[in-house]
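As written, the chain order gives the labels A, B and C, with residue 1 at the start of each chain.
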Amino acid sequence: MLQLTKISKNFGGLQVLQDVSFSVPQGSIFGLIGPNGAGKTTVFNLITGLLRASGGGIEFNGQNLGNVPAHRITELGIARTFQNIRVFKEMTLLENVVVGMHDHLNYNVVSSVLNLPSYRRMEAKARERALELLSWLRLDHKSHMLADSLSYGEQRKLEFARALATEPKLLLLDEPVAGMNSTEKTELMAEIVNIKQRGFSIFMIEHDMRFVMELCDRIAVLNFGRIIAEGTPDQIKNNPEVIEAYLGKEEAA
Amino acid sequence: MLEQQLINALSLGSVYALFALGFTLVFGVLGVINLSHGAIFMLGSYAALLLVQQLALPLWLAMLAAMVVSGLIGLIVDYLVLKPLRARNAPHLSPMIATIGVAIMLTNLAQGLFGAENKRFPAGTIPEQSMTLGNVHITAVQIGIVAISFALMMVLLVVMRRTQLGRALRAIAESPKAAYLLGINVEGLFYLTSFAAAALGGAAGVLVGLSFNAISPFMGQPMLHKGIAVIILGGMGDIRGALIGGLFLGFAEVLTVAYVSSDFRDAVAFGLLFLILLVRPSGMFGKVLERKA
Amino acid sequence: MLEWWDGFWATYNTVVFSIGVNAMLALSIYLTLSCGLLSLANAAFMGIGAYTAAMITMNSGLPFPVALIAGGMLPALVAVVIGIPTLRLSGVYLAMATLGFGEVVRVIVLNLEITGGPMGINGIPQKTEWWHILLILLVTLYVLARLRRSKVGRAFEAIKADEVAARLMGVNVPRYKLLAFVLGAVIAGLAGGLNAHYTFTIGANNYAFENAVDILTMAVFGGTSNLVGPVIGGTVLTLLPELLRGLNQYRLAVNGLILILVILYLPKGMWDPRRIRAFWKRTKAGKIA
């Protein structure tokens, strides 16, 4: 579904990514792991059009993502959450999620000003759907509260719901469980499996090993901007290069 | 004829550069666009005038004292207005809007206190000497302006590049939080920067007041606009940029007045501003606008 | 009774008109602020609208409504032209660019023959009636209210809250910023046209930096959480100079002080629904306890 081929990215003199190739199969949960600073978020930024690759290509369902601007990425079916949570703090949960449906609300300005039935209908449907998505993540009872008033873990879930609102085919999750306690992590794990079963594909960056190993169907490992391994969780767990990357040479020996 | 214009341009540009320097310093270190800089420039001018008028201080002393007075005003503005906004992490636009309020207030108060008409320095204050090199006429005031402006700018550059203080300021410009964690007294240096920037602005005010022998409450506004154009031209937060941008603007203005029309002199600054924004928004030496917390 | 009213109206009709016009101006800047943009160009847009409308009524036979509409459209055009390049920049640059733009307009108008140069335009026919202002103000409020509740309003809020996240949710940020900017220019231009036709004379210095700051103060003071705030701000800050006649010399200083105090202590302005609700809750709790 998503194919990165020989992606490289440098910032000035700094080579952040080099010769990165892997593919995310449809309908799976794919994980990208690697030590801090390996370049994982850069990969996401390249996919979502916030950065341009210095070399190589990214294809999504056959379409080249090279020149697609950020605000059209959702049109193509990719949605993303952020490492440092970026919910719209002063909007309610419901409104946050409805923003995600922006592209799908096909009424024009005139019909909104004149309060035409088509506008009303689409707005009502949008709110219904938003409430439904919030209920998938067990946040619907708080739909009228301001996003600011949620706990950290709940804000992460809100971002998730908002990303789902864009009706994506592929969800990019940037450290979805960072900062959560183990109960919240287990809950989110179940919700992610749920989402996958509803037909979404998921590509996540994460540090929590247990989380990644238990959840992902396939994993790629990034170290110093290069892919050093790709495979099933078992293959990755036992890969000496991966162990070395995380624990250092001496331990591996 | 051209040489004469170049001399005029150098003098004008130096003052623009000096003014812009204070402005860009505050942006670089505090991360704030202090739109009251123009008003402080104006108050510096009045301070020098009053010191000469009422206390009959010699010009050089009046100028130094005026710098101190401006510096103090800048410090007070920082303490009363900018510091509370820093403390509660207010959005970017808040300090800007607040300093607009300060500028309007100070200008209006100056008008009320001193009257709206142009004031002149007492006769005999301004040195009358001049020299003529070929067909170029250079006044003592112009020499003084260029010399003093450059001297102050050199001092600033040396401090920034060669001293521990300068290093600390540059660290803060990169990231106040990181600087704080390194043990740098960030808040104290914010005060110092506000003081210094305002002092430089006040110095520019005195020099301009001398140069035209006209001091009015409204002299700050147009200067502020020019300052904005200069720092956008030169790159916000960059000292070299303020220097070169200021000189560039001085030349552009003088040449426009000489060879095009004097009516549109004030629009030159903005014409350049738009041009740069279209072509290279970060300015000649600008860096990224967003800085890490 | 009727005499009293006639007397009152004769003296204060311009004040009442000004309340309406200032409310519109405050709304125009509120619109841009609601998208996270600080535009100091609205006084210039007002000026463009005023001059356009005045020149049309005085130099052509066209009826007043046409003049007004033109007064709203020309600023829109200008807004598109300067908006497209400058809106891609961050808020701080935009504020300064709009400040500069205002100055350029002022200088140009001050020097052109057709705009009357420093003398401005005099003898503008008094065509504005109270119901013109009321009607246009109400239509403005209605349109803005509807926009707020639609995806446009949400897009503005999202952009204001977090541009990057908004982009990634499919919001075409540059287009919406331009929309806010242009709409603001239209409203300001209409206000200018209306204003010109009851003040009899206009000059370049009516639309200068101080006026842009006035408008900003009205919006910030009134509150930018919803549409009520700017209207309140416009009303109060129009009436204030009337009530403080003695301090007339220091009107601008008072404005400046208000701006500072509001930013420091009441960042959401006077009309802040959340603070008011919280206040009510506390008083009620106080009464019960």
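To be clear about the criterion, contacts are C-beta pairs under 8 Å (C-beta built on N, C-alpha and C of every residue); 3 or more make two chains touch, one makes a residue touch a chain.
Remember, it's a predicted structure, so these values are computed and weren't measured experimentally.
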## Note on the structure
The chain whose mean C-alpha position lies nearest the overall protein Cα centroid is chain C
#### Entry: Greatest separation from chain B - chain, by CA centre
A
#### Entry: Whole-Å separation of chain centres (CA-atom averages), chain A against chain B
47
### Task
Could you tell me the distance, in whole angstrom, between the mean C-alpha positions of chain A and chain C?
41
### Summary
Per the C-alpha centroid definition, the whole-Å distance linking chain B and chain C comes out as 31
### Task
Quick one: which bits of chain A touch chain C in the complex? Just the residue numbers, please.
48, 50, 70-75, 79-80, 82, 86-91, 95, 98-100, 102-103, 105, 107, 109, 112-115, 119, 123, 162, 165-166
### Query
Okay, in this complex, where on chain C does chain B touch?
38, 82, 85-86, 88-93, 95-97, 99-101, 103-104, 107-108, 111, 209-210, 213, 216-217, 220, 249-253, 255-260, 263-264, 267
#### Entry: chain A-touching residues of chain C, taken from the complex the two chains share
142-143, 146-147, 149-152, 154-155, 157-158, 161-162, 164-173
## Note on the structure
Residue positions on chain B within touch of chain C in the complex are 33, 81, 84-85, 90, 92-94, 96-98, 100-109, 111-112, 221, 225, 228-229, 232, 263-264, 266-267, 269-271, 273-274, 277-278, 281, 289-290
